[in-house]
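Look for subunit A in each of the two complexes below; its partner is subunit B in the first and subunit C in the second.
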Partner chain A sequence: MLSHLFKLIWNKKGAHSLLIIEIWASFMVLFGVLSLIVYNVRNYLQPVGFEYEHVWNLDLASNQDTLEVAAKLERALQRVKAYPEVESVSRMSSNTPFSANQMGNSVTYNKVEVGADFYSTDGELSKTLDLKMLKGRWYQESDRVSKFVPIVINKAMEDKLFLDEAAIGKVIKVDDKKSFKVVGVVDKFKSRGEFMSDEPAVFELLAKDDVWNANMLIKTKPGTDANFEAKLVKEIAVMLPGWGIEVSYLTESRKNRQNLTLVPVLIFLIVSGFLLTNVALGLFGILNLNISKRKNEIGLRRAMGATEGRVTTQFLGEIWVLASFSLLLGLIFALQFPMMNVFDLDSEVYIIAIFAAIVIIYLIVTLCAWFPSKQAARIHPALALHEE
Partner chain B sequence: MIQNYIKIAWKVLLRHPFYTFITLFGISLTLTVLMVLTSFLDHLFGSHYPENKRNRSLYVGTVVQTDSSGTTTSSGPASFGFLVKHAKSLKSAEKVTIFSNFSFSNTYVDGKKIKLNTKYTDSEFWYVTGFEFLEGKPYNDTHIRNGDHVAVITDALRDQYFDTNGETVVGRNIEIENVIYKVIGVVKGSPPTRLYTYSDIYFPYTAPKSNYENKGMRGRFVAIVLAKDQSDMPAVQSEFDSNIARIPFKEIQDGQKYSVLIVKADKYFDHFLSTFARSDSQKVMFYTVASLILLMFMGLPAINLVNVNVSRILERASEIGVRKAFGAPSKALLWQFIIENIFITFIGGLFAIILSSIVISFINSSGWIAYADLTINIPVFAISIVVCLLFGFLSGVLPAFRMSKLKIVDALKA
Partner chain C sequence: MIRLENVEKVYRTSSIETLALNNINLNVKKGEFVSIMGPSGCGKSTLLNIMGLLDAPSKGYIEIDGSRVEKYTDKNLAHLRNQKLGFIFQSFHLINDLSVIDNVEIPLLYRNSSAKERKELAQEALEKVGLSNRMKHFPKQLSGGQKQRVAIARAIVGKPEIILADEPTGNLDSVMGNEILNILQKLNEGGATIVMVTHDDAMAKKTHRLIRLFDGTQVF
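And then the complex of A and B:
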C-alpha cells in the first residue's frame, strides 16, 4: 500500500515538488514561531518568585550633591520607614524588579564558573518582596564578619554552582579582600518578569557606606494612593534638596516589561497565522483540482469494488506521504537547532516546537485533503467512467 | 492586444470565484503586511515630526569603551563636557545640539499622578528639531546663561496638568520634585518612537538636576549634528572621527582598564543598528537573517500562487490548443499569461492598499503609539508597486512557461 502510494507520487514528481517545497516552507515558519511561543510559555508558567502588588520603587539620584550621601540615604530610608502607610522598605541596586537594568557577574567555586545576576540589597528585602526561603535565612547586618560578605542565592544558582552539594555555609572567594558566604537559598527570582527564564541570582548585602545603590523598594499597605505618594515625594524633596526623585509602581513596570515580549510575539503570531491560512487555502484549491482530474481512476476503482472509505484513505494517504516527505526535509534543518544549541535555548524548547509543528502540518493537510477526497469518492462509478 | 489579454483575464477571474478568492487573498494579504511593515519602518527611521531634518542629521548616541581584545565592554551616553569638546566644535556642521537622554519624573496635581519624561536641552535643540510651537516660544541662550527655571511642555501635558479654559498657559508655573518652573512654550507632542527627541517637558540644561557639570566621558547626554546638506555628511563624519582620534590615550583610559574608545556620528538607522550589532560580521548576520525572513515571508505566498496557477493550466488547455493550432508562437502565449498575472496582482495590490490604509488608520487611532503618524507615503507606495510586479512575474512565469511548452495535440485533446 505504502510503496504503491510512493509510486503514484513519484510518477508526478514535477508537480509534487512545488507542493513539497510549500509544505516544507510552512513547516519552517511554524517551527520558528512555535519555538518563540514555547520558550515564552514555558517561562511564563514558572512563578516570578516574589510579590509586587503593593510595592513601589523610589529611585533617588544624588546629582551634584556629594556630601555625606550615604548618611542622607540612611536618613531618607528611616523617614520612609516611619510612615504608617509603609509596611516595609529596603534599599536595592538599580536592577530592581521589572526594570531594564541588568548587572551580571560571574562566580567561581571549585573550578565551576557561573554567570549570575547580582543584586545589592539590605536585610529587609525578603520581607518587602515576600521571597520564599528554601534553606537557611535572609542575611542581616550582623552576618558581615571582617572580609566575609553574606549572600543569598536562588535555587538555580545553587544547582549550577554547587552541583550536588549543599550551599549553606559555603565560602566563595572573590579576591584577597573579599569573600562571599552563603547564608540562605531562595526559590526563584525572575526579576525581569514572567517571560524571563529562571536564571541564577545572587543577593549581596549592601555595604553600610554605599552611595551608588540608591533605589528603595517600598511595600505599602493596601489602599495607599497617589496622595501619600505626593506627600512622600514632597517631604523627601525637602529633605534632599537637589536630588532626583522618581516613584514608579512595580505593577506598572511589570506591564511595560510584559509588552516588550508580548507585542513581538503577537505580531509574529498574526503574520504567520495569515501565512498559514493562505497556504491552507492554496493547498485546498490545488488538491481539489488534482483530485477532480482523476475522476476516471476513481470510477475504475469504485467499479472494481473499492468502498468510499478506501478511496478517501487513498487520497489522504497520498497527501500524508507527501507531507511526511516535506517534514523529513524540514527536520534536517530544524534538528540543527537543538543539536547545535542555537541561541542557547533549552533543546527541549525546540523539540516541543518541532512536534507541535509536525502535528499542525498534518492537521492542515488532512483538513485540506478531506473535503476534496470525500467529494471525489462519492462520484458514481457509472458517471465517472461514462465521461471517458 | 493587451486589452484583449486583460479582458480574457477578467473572464477567467469570474469563472471560478473560489480560486480567484484564493489568489487575491494571498496577494493582497502579503502586500498589506509588507506595506504596513514598510510604513512602520518609515515611521521609525524616516524623517518625521519633530525630527524633520533626520535625513541630514548625524547622531552621537553612545560612547563605547573596550579593551583591545574586546572582552570587557562598557557603553552608554556621553557626558555634556565630552560632547561640547568634540561635537559642538565641528566646523563643517550647520548646527550641533546637545541634550540629555530620556529620564523620568512624576508630578502630582489634585491627588493625581502624572508620569513625565523629562529632557534637558540647549537652545540649538529647537533649531535642529522642527517642533511646532502652539503657544509661547522656546528658551534661548539668555535663559540658559541665567540658569532660569523655565520649561517647554507638550500639549498633552498641558491638558493633563492645567485647567486651561481656553486661555494660554504661558507664564504659569509647573511644580516638579519641589522645583517650580515657569512654562514659556507649548509644543505639539511627538510619538514616543522618536526615541531621542520625545519628552513631555523640556528644560534648559542649566536647570537643576541635569548633571551637565559631571566630569569624565560618560554621562547622560547625546548630540545631533546637523549637516548643511546630505552630501556634506561624510565630511562631517570624517571631521568628527578625526576629533575623536585626537583624544589622548590617558583620557581614553578614563582611570580604568579600557584602551579603545569608539564614538561615532552615525545616521539614525546606522546608529540604531550599531547598538545591537557592533562588529561588521554581526551587521552582515543581521542583514542575512532579515532578508531570509523576508524571503520566506514573500516566498511562501509566491510558491502558493505558482502552485495554484500551475494546477489550473489544464483548465485553459483547449484555448491554448486552438491558439497554437492557428499559429500563435510560444512567446506570445508566454507574454499573455504573464500580463494576465500582473493584472491580477495589481487588482490584489489595489485591495492591499485599501486594506493597509484601514490597518494603518486603525493603528494611528488605537492609541497604541501616542501621536502615531503612520502613512502610506509615496516611497512606500512605489515599493509596493515594484513588489506587485515582482510578485506577478514570479507567480506567472513558471505556469506560462509550462503552458507555452504544451503540445498542440495534447492541448486540443484535453
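And then the complex of A and C:
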C-alpha cells in the first residue's frame, strides 16, 4: 500500500509541488523557531553558577573628577564593607551579572585560540557571588607580587582551551600580549542570565591603581531594605561629591535580562504561529477540494473492497507521503546547520529542533487531513460512482 | 449465486420519496450471463448497486453465494466485494495518475497481496484482455476500448466469481462494444457469473437471460 501511495503522489508531483513547498517552508520556519527555543530552554535548565539574591550593584561614575580616583574608590569600598548590613563587597568591571555590557578577548594556549568574556574583579568576588570553585583557589591581594597576572577561568574555558590537560598553573597569552597564570577554575558563570549559554570566562585581578572599573557588587544580609540603600547612597555621595551613584538589585536586572531574551522569542512564536495556522487552513481547504474532486475514485476503491477505514488511511497516508517529500527536502537544508556548526551552536540543539519540527509537521498535516479523510470515507460508494 | 427477494429501494429526501425498485425477486445462477434492460431511470443501476453491495435495499434481502448480507458490517461487505465481485463501469473509472498495471492491481491492494503477487496477477489479467503491451501506459494514452479492457482486467484480477457490468459498452462504438462483449463471453465461458446492464438489444440477446425493468418493477 505504501508503494501505491508513493506512486500516486509521485505521479502527481507537478500538481502537488506548491503543497510540498508550503509544507517545506513551514518546516523551515518551525526549525528556526524551535532551534531558538531549544537553545534557550537548554540554557535555562543550566544554573547560572552564582548567587544573585541580596546582591546589589553599586555603579559609581567619577564624571569630571580625575583626582586620586583609585584612592577614592578604595575608600568607598572600605566604607561599604564596614556596614553591618553588608556581608561582602567586591569591585568589578562594568560587565556585572545581568548587565548589557560585555568585554571579550581571545586567549591562546598551545596554538589553541578561544574567545572568552573577561571580568576584572578583586579577591572578594567568589565570596560575594558564591562562585563554586572546582579546582585551585580564587586570587588574592598577595598574588599581585607574582610574575604573572593571576586569573581564574570557568570550566567551559578549561575544556575548550586546555582540552584534556589540567588548567591550574598554566600560563596563557591574552591577545598575544599579556601573560596570565591560571590559579583556579570555577564551575559555570552565565553572567547574562539563565538564557546565556555556558561560555568561556576569564576573571582577572584588578590592578591596584585601577580607575576604570568602578562597579561594586554588594552582598547584603537578608532583610536589608531600601532604607539601607538610601543611607548608602547618601553617605557615598558625601564621600564622593560630584560622582554618579546608582544602585540596582541583581534580582531586578535578572528579570530585565530575561525579558530581553523572551520578548523576541515570543514575537517569533506568534509570527510562526500565524504562519502555521495559515498553512494549516490552506492545507485543510486543499484536501477538502481534493476529496470532492476524487469522489469517483473513492467510490471505485470502495467497490474494489476498501473499507471506510482504508479510505481514511489512504487519504491520511497520502498527506503523510506528501509531508515526507517536503521534510526530506527540508532536511537537506536543516542538516547543514549542525554539520557546518552554524552560529557555533551545539549540534544537539539543531538535531532536537529538527525532530521536534518533524513531529509538529506530521501532527499538523494529520489534524488537517483527519476531517477531510473521514468525510471521504463516509461518501456513499454508489453515489460517488455515478457523480460526474 | 445472487438471490434477491422482495427487494425494494426507496430514495427519500425531506420532501420527496422515490420508489426506485419495487418487489424485485431475482435468482442469478452460478455461471449465468444475465443482462438487464430498461429505459433510463427505471432502476437498472440501482439494482446493480444492490447486487454489488454498494447500496442496501430499503426492504427485502440479498444473498450472495448463499450468504445473506443484511447484517454484514462495512468490513464484511468490503471483504465480500473484494473476494467475490468484480465491477465494470460505463465510464471506466480508471485512475488517471496511475499506470495501467497499477490500476489493475487496485483490488489486490485490499487483499494485502505482496507486490510480486500483485504484479503477476495484473500481468495475467492484462494478457487475458490483450493489453500486456500497454502495462506502463497511463489511461490518458489509451483509446476508449483499451480503457474498458483495462477496467475488465481490473475486475477480473482478483478472480471473482461474479462480474457486474454497468453499461460496459455504453461509451464505445459498435466494433469496440463487440470486442468487449466477446471478452465478457469468454470470461463467462471460463465460469464467471455475469450481470450486465445494457441499452443495446443486440448485446442483450447474446446473453443467457434478459431481465427487463420498467419504473423499478421487473416486467418479465
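Here, the second predicted complex is superposed on the first by the 368 of 388 C-alpha atoms of A that agree within 3 Å, B and C clash if a C-alpha of one lies under 4 Å from a C-alpha of the other, contacts with A are read in each partner's own complex, and residues count from 1 in each chain.
Just so it is clear, contacts are C-beta pairs under 8 Å (C-beta built on N, C-alpha and C of every residue); 3 or more make two chains touch, one makes a residue touch a chain.
Because the structure is a prediction, the values reported are computed rather than measured.
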Comparison of subunit B and subunit C by subunit A residues contacted: B
First (subunit B), second (subunit C), both or neither touched by A:A25: first
Which superposed partner A:N296 touches (first subunit B, second subunit C, both, neither): second
Touching partner for A:Q140 - first (subunit B), second (subunit C), both, neither: neither
Contacts of A:D225 with subunit B and subunit C, given as first, second, both or neither: first
Which superposed partner A:A382 touches (first subunit B, second subunit C, both, neither): second
Touched partner set for A:E308, first subunit B, second subunit C, both or neither: second
Which of subunit B and subunit C A:N63 touches, first, second, both or neither: first
Contact residues of subunit A, present in both the subunit B and the subunit C interface: none
Subunit B residues touching subunit A - in the complex, by the definition given at the top: 18-19, 21-22, 25-26, 29-30, 33, 103-106, 108, 111-113, 115, 177-178, 208-209, 211, 213, 296-297, 299-301, 303-308, 310-312, 314-315
Sites on subunit A touched by subunit B in the complex: 15, 18-19, 21-22, 25-26, 28-29, 59, 61, 63-64, 225-227, 229-230, 233-234, 237-238, 241-248, 271, 274-275, 277-279, 281-286, 289-290, 293
Touching residues on subunit C, where the partner in the complex is subunit A: 45-46, 49, 52, 54-55, 74-75, 78-79, 81-83, 85, 87, 89, 91, 93, 95, 97-99, 102, 105-107, 109-111, 115, 154
For the subunit A and subunit C complex, residues of the former touching the latter: 1, 3-4, 7-8, 11-12, 296-297, 299-310, 380-382, 385-386, 388
